[in-house]
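First chain A sits with chain B, and in the next complex the same chain sits with chain C.
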Partner chain A sequence: MTRTSASPLSAGTPERTRFTAVLRAEWTKFRTVRGWVIAPVIAALLCIMFAYLVANGTHTDFCTGAGNCKAGHPFVPTGPNGQAVADSYYTVGRQLTGDGTITTQVTSLTGVISTAMTNVAPSQAQQTRPGLAAWAKAGILARPSTRQGSAYAAVMATGGHGDRFQYNYSHDNPGRSGPVSTSSPRWLRLTRTGDTLTGYDSTNGTTWTRIGAAHLTGLPVTVHVGLFVTSPVSFQTSASGSRTLATATFDHTIIDGHTTPNAWHGQSIGARQQDFYPTLRVGSYQRADSSLVISGSGDIAPAVVQGLLGADTAASSLPFGLTVALIVIIVVATMFITAEYRRGLIRITFAAIPGRRRVLAAKAAVIGAVAFVTAAAAATVAISLGERILQANGAYVFPASASTVVRIIAGTAALATVTAVAVLAVGAITRRSAAAVATGIVVFVLPSIIGSISSGGAVQWLYRLTPAAGLSVLQALPRSAQVDYPYTFANGYYPLAPWAGLGVLTAWAALALGIAAVVLRRRDA
Partner chain B sequence: MNDAVIEVTGLRKRFGPTLALGGVTFTAPPGKVTGFIGPNGAGKSTTIRVILGLDAPDEGRVRVGGHPYQDLRNPLRHVGALIDAAAVQPSRTARNHLLWLARSQALKAGRVDAVLELVGLAAAARRRAGGFSLGMRQRLGIAAAMLGDPPVVILDEPFNGMDPEGIVWMRKLLRTLAAEGRALLVSSHLMSELQGIADHIVVIGRGKVLADAGIDELLARAAGEQVLLQTPTPAEAARVLHRAGGATTILDDSTLSVSGLAARQVVEALGQSGVVFSEVTTQRATLEDVYFQLTSGEAEFRTEAGQGAQR
Partner chain C sequence: MIEALRAEWTKTRTTGGTAWLLTGAVAVTIAVSAGSAAATHVSPQSGQEDPTKLALAGIYLGQAVIAVFAVLTIAEEYDTGMIRVSLAAMPHRLILLTAKAATTTALALAAGILAVTGCLLVGRLMLPDAGLDPAHGYPLITISHSPTLRAASGSVCYLVLIALLALGVATAIRDTAPSIAVVLGLLYLPPLLAQAFTEPLRRHIEQIAPMTAGLAIQATTNPHSQPIAPWAGLGVLTAWAAASLLIAALLLRLRDA
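Up next, the complex of A and B:
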């Protein structure tokens, strides 16, 4: 008789089968059942197919007048970092060559809000009531050109957020707080030195406080400088928002530096019919003694979905196909363990590998890896395919940075992995295929299906507390602290940050795994 | 300590209200086939599951080659077991079934081909196990048990579903494995299957060991020879044989069982008295008789409790 085995062990601590051996055994089990290998491929194909169908079913029409509609979308400016931005305002300015400083005093800032909602045509939204948007802005602007989406730096007084220095849409530094009024005027100053633009504010025009500075690399010698006023859509009173207009009075405006000799020149930016951002009306300016009174409507800020029909993103074609793929993955992950219980094979497994939690861990690693690869491949194809078809159908697709796309793909893969591991654990607990598949679908898929077809505040809690929170990894629409907007699920925003949402799902999976580990140890096989 | 030994000491286990094992103690020594006999529901499979660490006993302990099963590294290299021939994933091929087991024990794929050859399944290696007959599955189960070339082999009902040719093969294999010095524990609910191959018998009934002895000792315990007599007048024959010193039992209206007299004495006594008879046969005690004697009061395997214990 040959002896292939060494003496079992030295006295004391139990020596266990090496984990790599267990892992290889479980991988061999997985790959030798043809159905289990085919199912993930089908899951990926279904995901891609449904992403195609969803994208192909989305058509956007764009109307520029009474009954004049065609396929397409309004113009959305693209900012210096490729992000979607709002760039609509009224400016009165000149050309500045070389270094210089522009100083002004804002003595009043008031506003009106349309009584109609943004979804009615601007011509029918002229009825207004007094009201100043918190992010209404009046101040000094410097930028290479007035082309929408170009770089800029600005110092400003706002309706409700005090003085600010902002540049390139997403950067924001706070200055003095409090509102502007005739009794409490505000001095603002913007200085250009080379590529650097610095913002100051003051209450008296003599003592200046630096708010912030921006280095706009590649700033040309001659730039546009000017006063500007803008006022964003207000969501204070209605979910669909109301257009607003702000009016500011500027006094004591002085430019030091080489400026164009001609007089101040007024310009409306981004308030054309084809511009996406809802404006109350085209701005204007007038002289009154030494003062300039400027009215403007719009925003200079990151774009969220206000003013756009729909909220198509890189990920917006994905959820339905992903749900279908998840159901297939749930079935495979469940069968990976319940099939062994059904056939009594689990006893052979546990006799060969007495460390049952190692078996569970190895199975989790195998099915997790399969789910990860499946979902990553499916998401990669589905996202680029969906985006291409949406654009071909005239829809505006919110630009997503490369890191956002990678996060969505990795997040989708992680979502599938965690879900697969969780239902594997459920399978270990129930030992029955039907019960485990049903539990897996009810707990890990149903909440997101309910969430996608229902509305109301309760939906937010679904995406906070249930495994549906994991779908937060699909978040592709930007949020901005500089834009007052209802960042609700109905508007395309998950209540949790992507990785926090994945964390909630992972907590559910950890709970299932924990219970599975305990019952596997205590229960007779 | 010899690797090739199973020691079971004082195993007790309850499934709810049912006492499945009521203090089971025995040893399966090296180089011998230990028959593990008992009616369905007696506790054989439960004992085997406890030996393999699948079920936890309430009391008692098991040592395989001197070690608790849980402490064995690559356990299939120490203990090979066939516990359920139906336990295969139907869509997996025979070879792949053995391959994952080999991987789990860090064994080379070469062992898989070797054991397939050993059990005569080399030709069916790439067929799905779901299409196998029960006999082929038994062979596959034996192959799995032999994968790690273990010093201890445990087979639960290995003859189930085997054709006569397979039974002959299995008996020969068991003898060979024992001759190689391994400890074999082979369970069966039919004593006859183990006649001629088991060296040692452990009889279990309702969770208790009823007998634990060598085969010769067990046979000696059985009642002696019996003579069966076919006669049209059994009552008259019984009177005659009583006078001659025999004990008789009338089995039916033409058959009489006689003990205490040899066949020759029966023929002489009947001939002298002129009683007509047609046939006289001598019966020797078999393991089967021993088994029935031991388990007659224990074979309540059709009760709820018994089925629970079998499960």
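Up next, the complex of A and C:
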């Protein structure tokens, strides 16, 4: 009696147990073919080996002065969050102890742009024409010390983005818009209260608008405060960028607080020969009646790829090895289904499991899991190995946070998984290994190869539309709205965001899977 | 030998895939050439272009189809077990391989001639629209121009040599999917690897890789931009094809089928 009453319950379960049984059958098929088990291991080893070779073949020289080159890279400051930052400017300031307020009026902001490109020595870049970079900055700065990469907060007028309150390189609050001129001067004020720095702007010096505030934890009692001017590399006229210099006039500068008694002290930061950020020349300042005229070159912002620095990241030695591994995975994924057609096993499989899409799903799960594990293991080793060797060879490797590295590894694994499932679907459609392997390689691997060996605007579209978009998961270079830079593929930036790129690849795979599901159902095996 | 050749020819002729693959190779080559010609827009700012090389761009993809065809001529026999019948009928294994190489050569040659002729016609008709016309200093593509003749005949030879390379690889590996992967990897991966290295090493990789060396034959306007001289590059590819056939012959002789 108890047995019969239990049967309706178990009658409901086969639906679920059957899929695990299908899964187990497919897994058994996979693991009992020796070549299919060895191939992913070989794929992972090839990926690691090529990552090593590529990293080992990269050597970086760094030159100071005329023909004096040695292995290494220029100095790149590291910001408070561990990111690479640009920190070069000219400042005129003094020490402030305790709370205080600095107020100034910017009455003019002009600039010059070098007519030579950034990759020539600064001494040859002195020919200039007038022009103000959009992110040229002039304003008030407060920071614990003038050490490059230290915390800061600043309120500033800019060349083309209006007034801004920025702190710690990546934070940016907009204020009043419009350019600065003698007829439209801009009042700026920075107030320190304990650990809090607040920025204000005004058009008349009496009614103030708060732009933003920053809490710089651990701010010492005595901080450096001062006026600063800086002007970044401009990419408006040349793809490789031109050095620039900005000059600003400050009037009615008042420090309200306990300051050092000595006079204003001018200081150039980050414009030495070993600093990575291209500056036109060392800045300067001069007094004219009650006003200060300061000129400076450089940037206070996140560092993006600059010609001098290269575009190496933790992931940059990975693509070639990954391509080789993908080809091996494509072969295994193809054979996982075409071998059944070749041997006639598919008829037994479909006789045992009439739900054909279920078989396809189980196969996809097995091959996807194999590809995921293979690529994740290979990427984990290849990334840490490649990064270490690149650094040992003197290349600058952009620092990547732990979460970025995890994202790259997970993305690489997902890329391999989606590719394997897509090729499996192609195999189910063509039923022939020759057609499936060739289609798999031509559709899923060749676009990225063409993309990385050719140049031009069309390449961007390869990485937007074709399965090559999936490689966007390898993106590790910083990108910032506060830096005008051509974020193109040629400069190391994929046109799509990592997960969007993976989405494009997944759409291709979904298309293949959809067709496979339809033809599997309709066709005679 | 004549009988072996006739046997191979009958096998190739009656296999369903042959006609499709060869037609596909020609169609893919011409289509890619036409596509790249349509996508080309030459402005006075862009550097010196090479119309013949542009017209022959389709070879880049067409060679994959030719390689698949060559792999299948022998790997398919291993897949179906037909190879045992073939070897029982023709016990001298090297003659079998020679006959296969001969039919593959003949068919790749035929497909190559059609594809290259089509590419040149496409280039002659479409490239003037892209700004590559006599008015801008680019003469129309014509076979009587000796570098163009070299590029055209060289491209046909290139396709034949790729087919022989693929045949050798497939004979050595005896399985369709891995053979195709190895051949396509051998063709397409070295340029990517070269990209990862700095100058002297990069050039050396391009000089010894089958595709970059072999395709140097397509340069007509500025041969110095290529990693290797035109005929020397085709020589490198010949060495690859010869080595692969030699290894294949050795393995075929030594191994049990």
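One rule holds in what follows: the second predicted complex is superposed on the first by the 506 of 525 C-alpha atoms of A that agree within 3 Å, B and C clash if a C-alpha of one lies under 4 Å from a C-alpha of the other, contacts with A are read in each partner's own complex, and residues count from 1 in each chain.
The rule is short, and it goes like this: a residue touches a chain if its C-beta (ideal position, glycine included) is under 8 Å from a C-beta of that chain, and two chains touch if they have at least 3 such contacts.
The structure presented is a predicted model; accordingly, all values stated were derived computationally and were not measured.
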Applying the touch criterion given at the start, work out whether A:V324 contacts chain B, chain C, both or neither, answering first, second, both or neither.
second
Using the superposition on chain A described above, determine whether A:I449 touches chain B (first), chain C (second), both, or neither.
second
Go through the superposed model and pick first if A:K29 touches only chain B, second if only chain C, both, or neither.
first
Which of chain B and chain C A:I353 touches, first, second, both or neither
first
Could you look at A:L345 and tell me whether it touches chain B, chain C, both or neither (first, second, both, neither)?
first
So chain A touches chain B in one structure and chain C in the other; where do those two contact lists coincide?
none
Residue ranges of chain B touching chain A (in the complex, touch as defined)
3, 49, 52-56, 65, 67-79, 81, 83-84, 86-93, 96-97, 99-101, 103-107, 144, 148-151, 180-182
As the complex stands, chain C meets chain A at residues 17, 39, 61, 64-65, 68, 71-72, 75-76, 79, 176-178, 180-181, 184-185, 188-189, 191-193, 195-198, 201
Listed in rising order, the residues of chain A that touch chain B in the complex are 1-5, 8-9, 14-18, 21-22, 24-29, 32-35, 339-340, 343-345, 347-354, 524-525
Contact residues on chain A for chain C in the complex?
50, 53-54, 57-59, 317, 319-320, 323-324, 327-328, 330-331, 334-335, 338, 342, 433-438, 441-442, 445-446, 449, 452-453, 458
